[in-house]
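Okay, so chain A shows up in both of these, paired with chain B first and chain C after.
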Partner chain A sequence: MKKQQGGLQKRKALVGYAFIAPWLIGFGIFCLFPVVYSLMFSFSEIQDPTTFSFKMVGLQNYMDAFLVDTEFLPNFLQSVGDTLINMVLILFFSFFIAIIINRKIRFRSFFRVVFFLPVILGTGFILDQILGENLQEQSINVVRDLLFSEEVVRAVPAEFLEMVQELLNRITVVLWNSGVQILLFLTGLQGISSSIYEAARVDAAGEWEQFWLITLPLMSPMILLTIVYTLVAGFTNSSNVVLEYILEIAFEKNQLELSSAMGWIYFLFIILFVSLTFLFMRKPIDRASNR
Partner chain B sequence: MSVEKGLKIRLHSGSIGRLSFGKFVGFLLLAAVAVFMALPLVYVVTTALKPLNELFYFPPRFFVEEPTLKNFKDLFLALDGLDVPFTRSLFNSVFVTVTVVLLVILLTCMAAYGLVKHKVPFANLIFSMILMGMMFSQYVIQIPNYLIVNGLGMVNTYWALIIPKIAVAYNLFLVRQFVQQIPDPFLEAARMDGAGELKIFFKIVMPSLKPVIATLAVFSFVNNWNDFFTPLIFIQDEALKTLPLAMQMISSGNSIARAGAASAATFITVLPTVLIYVFMQKHVVDSMAYSGIK
Partner chain C sequence: MKQFQCDLLTRRITPKVVKNLMGKLILYTMLIGLAFVFLQPFIYMLVNSFKTYTDVMNMSIKWIPREGTLENWTLAAEAINLDTTFFNSLLVTLLSTLGHLFSCSFVAYGFTRFRFPGRGLLFGLVIFSIVVPIQTLSVPLYMLYSNLDWVGTYLPMVVPTFFGMGLNGGIFIFLFRQYYLSLPPSLEEAAALDGCNEFATYFRIILPSTGSTMLVSFVLSCAWHWNDYFEPGMYINNTKNYLLPQMLPSMYDFFEKLDVNTTQESLEMAMKYHTGVIMAATLICVIPLLIMFLFLNNKFMQGIERTGLVE
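What follows is the complex of A and B.
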């Protein structure tokens, strides 16, 4: 009996692998293998670009990325800074929007569609490349024309206008990257049972208290998930300056080895950063949501 | 007792009064932001309808004054200086994208089913590799990828645009969440009744994955339809180029007449992605939200 069950298990596993195999082979060849390939490149120096024969040079490329290349580190820091600032803004914005949408307002499903639209439009490289900036600029221009008539432009100092323009740009970035986050928060909010709020209302807790004492603690696991999602999405976004720079090194300067090393430095940083975020925030969040 | 009840009612109505004011302000705010987000889409439409002289207004105007369909006529009938007609690129895009979407749906669902429901050894190892794959930017591994595709002799064929795009880590991650929801006894019962593995997969697993399949279809359609980078690297033959590359060529030609055709081409490129999303949005929104919980 036992033996037969073992055989059954084995057969089941085999069938499972048969189902996974086509996908896994594709994943291995076109994702894992290139990743390993690039790891190898990052430790080597290509001798002959036509045959890709190379010799190992140890950590040379990694040292070059930090010590010789003058632009890698500034680009890297800017990407990290941008991602963090945008993450905070996206988090606040999408939480706020989710709370508004969650109050049974009119045209709710319409709003859900519109806020998710950028996820559909913005994922295309083509839109980023040929239209993206132009399109976003256009919407900014319309708002600016509405806000600043000629009289206003003459009356207010140019520095202030620049600041507003900067702010509008930042807002556009945030708006265009909040689709998934709004949905995640909305799901979380809908998961909180309304009886908890009713009980709080009986105890005469105001809206503000309800938010701090019920909504926020119960939403904290969802907030952590959203933070992790936003970080990964921001770090791997193709319009990220450090990724653009890494591509430029590879394709325009033909320094494949250096580019691979930079790619790996960045990748290791992402993994480390995301896991640390997860580790440090998990405990307080567990405590908050189980109170 | 009645005092308590009265208090409760008063509190309740009080909060409703505040709510409706808050609601109103919230609604206005949402509407403003929604209009702002819809602007680019409106701009694509108005630009496609602009006659030539309006396209070159400086500063550019947002709305069209005398709408015309001339740009579309130019694009399909009178586009000189291109080696292949626009319709050929359109066909390439449709063919490649539809093939990829169908293969992605089939193979990703199969893999997720095998991974979750068959207790395969090393399932956790495979899953952590998939998670790693999600964090490693695809753009960084383009050159090794080129070497492999080249080694397989697929450069300058449709295959280069199809085969490497099928196994995407994020897709498997998404579908996996849904396969986990299918109750095991359901599958066991079918097995007891003598249903074969393929039958179980197509008759039970696939139908219960419908919402996430819709999501998968939308995401892989949009990603591949808009993909500029892959054909740029792998395709040199004009007859095999897809819409994004064709669009780039149309808009980079510096003849003034091209500007109208380019705006029409933009409209045609954006239209299918928006349509497919609008038709499938309910499934997409629901399953994206759902995958977040689990």
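What follows is the complex of A and C.
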């Protein structure tokens, strides 16, 4: 009997491997192979660019990235800072928007279509253009026209206006990057059974209490998922300064080895940061959602 | 009717009513404000795409063009070779999306319902494949594709999707896994009792039940592939095979350079290809996705509302 069960387990495992086989092949060819190659580049120096013969130089490129190249570190820090600030704002706005479009509001389907525009347009060149200088200038002016009259503009110092512009600027970027997050939060909100809210209403809990005592704890696993998604999306976004810089080093300055080393430094940082976030937040979140 | 009249008569302006009204006012102001931030770039593009050169240059005309023109749209369609690039993009997008839907739903099932040694580690590698920026791998990948003789074809974009890789492939594996985790195992147990093997169970019972996740993945995969210009930009070098979004960067470049030159010829070009044309071209790239989204919007929302407990 026992042997038979072992056999069954073995069979199950084999079927499992059969199911993931396509991915295993794909991962090997399209991810593992390039990863190994790129790692090798990062530890070596290419001697002949036509045949790609190289010699190992150890950590030289990694040292160069920090010590010789003066632009890498500032770009790196700016990317990290931007991603973190944007993450907080994205989380806040997308949670807020998800909550209001989950309520009974007039023209709900219209608002939903509008708020989901970034989901379908939130990648690619068009987004970069929308958020790029061309339109940014325009959109800032429009918002400013709406918010301030001429007298106000003249009365306040220019620094303050610049700050407001900067803020509006960031909000536009943030809102346009929060499509998938709104989607995730909305899915989470839909998953909370309405009977819980009904029970709370019977117990005379107000909207505010319902939010803090029901919505937030039950949403916490989704919030963690969204934090991780937002971090990864922010770090790997193609308009990220550090990634742009890494590409520039590779293709315009033809320093493949240095660019690979920079890529790996950045990537190690992402992995470390995201897994630490996950580890530190998982326990309290499990506790909150199982209360 | 009587009830209604009574309501009207007994209704007083109590602090509670005022509070409710204020709440609504704030809510809708915020909704409209946020919606404006989202829509504003579109409205701006739409308006400008109908402006003539003189209207574009006239700073006092912001929202309503003095004389509308459709010429920008025809010029833009010509400039981005709409008749070939559109179908190229459609082909690549549909094929890659098909690849993602097929492979990711299949692979995710293996990760969810079977125990095998190394499962945790391998699923960790799925996440790894999402997290690693494609830019870090672009050089070795280019070498790989050029050895396979795939450079210049659509294969680098399409083939990886059939293996659960490609543009954000890992995210779809993750999405499908979330769905399978919510399925009760009794479904498969019943099928096993009826003598279905695991593959038949998957194709006959599990796959047909994935509708809503399929739809969400379809929309996302289509949008991401349609918009992508990084990978096509690396591998497609023949103008005839260009994809739609690839045309935009070169167009913007061209536009920027026009301003610098001051010869008679470039001035004429600048008058012909002004902001309006660029805006029309950008909109042309977006419109197919918008149409798809408007068509699927209701179903898409239902997919998200799978659990359907609201209201």
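We take it that the second predicted complex is superposed on the first by the 248 of 291 C-alpha atoms of A that agree within 3 Å, B and C clash if a C-alpha of one lies under 4 Å from a C-alpha of the other, contacts with A are read in each partner's own complex, and residues count from 1 in each chain.
Everything below uses one rule, namely that a residue touches a chain if its C-beta (ideal position, glycine included) is under 8 Å from a C-beta of that chain, and two chains touch if they have at least 3 such contacts.
This one's a predicted model, so the numbers in the text were calculated from it and none came from an experiment.
Contacts of A:P118 after superposition: both chain B and chain C are touched. Shared-chain residue A:Q47: touches no atom of chain B or chain C. Once chain A of one complex is fitted onto chain A of the other, the partner contacts of A:V202 are limited to chain B, with no touch recorded for chain C. Once chain A of one complex is fitted onto chain A of the other, the partner contacts of A:N169 are absent, as it touches neither chain B nor chain C. Contacts of A:S194 after superposition: chain C is touched, whereas chain B is not reached.
Look at A:M222: by the touch rule set out above, it reaches chain B but stays clear of chain C. When the two complexes are laid over each other on chain A, chain A has residues 9, 12-13, 15-20, 22-27, 29-31, 33-35, 37-38, 41, 52, 97, 100, 105-106, 111-118, 120-121, 123-127, 129-130, 135, 138-139, 142, 175-176, 180, 183, 186-187, 191, 232, 235-236, 238, 243, 246-247, 250, 256, 259-260, 263, 266-267, 270-271, 274 in contact with both chain B and chain C. Residues 27-28, 30-31, 34-35, 37-42, 44-45, 62, 103, 106-107, 109-111, 113-117, 119, 122, 125-126, 128-141, 143-144, 160, 162-166, 169, 173, 198-199, 202, 216, 219-220, 223-224, 226-230, 245, 248-249, 252, 282, 285-286, 289-290, 292-294, 297-298, 300-301, 304-311 of chain C are the ones touching chain A in the complex. By the touch criterion stated above, chain A contacts chain B in their complex at residues 9, 12-13, 15-20, 22-27, 29-35, 37-38, 41, 52, 97, 100-101, 103, 105-106, 110-118, 120-121, 123-127, 129-131, 135-136, 138-139, 141-143, 175-176, 180, 183-184, 186-188, 191, 201-202, 204, 207, 222, 225, 232, 235-236, 238, 243, 246-247, 250-251, 256, 259-260, 263, 266-267, 270-271, 274.
On the chain A side of its complex with chain C, the touching residues are 9, 12-20, 22-27, 29-31, 33-35, 37-38, 41, 52, 97, 100, 102, 104-106, 109, 111-127, 129-130, 135, 138-139, 142, 171-172, 175-176, 180, 183, 186-187, 190-194, 232, 235-236, 238, 243, 246-247, 250, 256, 259-260, 263-264, 266-267, 270-271, 274.
Interface residues of chain B, counted against chain A in their complex, comprise 8, 11-12, 15, 18-19, 22-23, 26-27, 29-30, 33-34, 36-41, 43-44, 59-60, 62, 107-108, 110-111, 113-115, 117-121, 126, 129-130, 132-145, 147-149, 163-164, 166-167, 169, 172, 197, 201, 218-219, 222-223, 225-229, 243-244, 247-248, 251, 266, 269-270, 273-274, 277-278, 281, 284-285, 288-290, 292-293.
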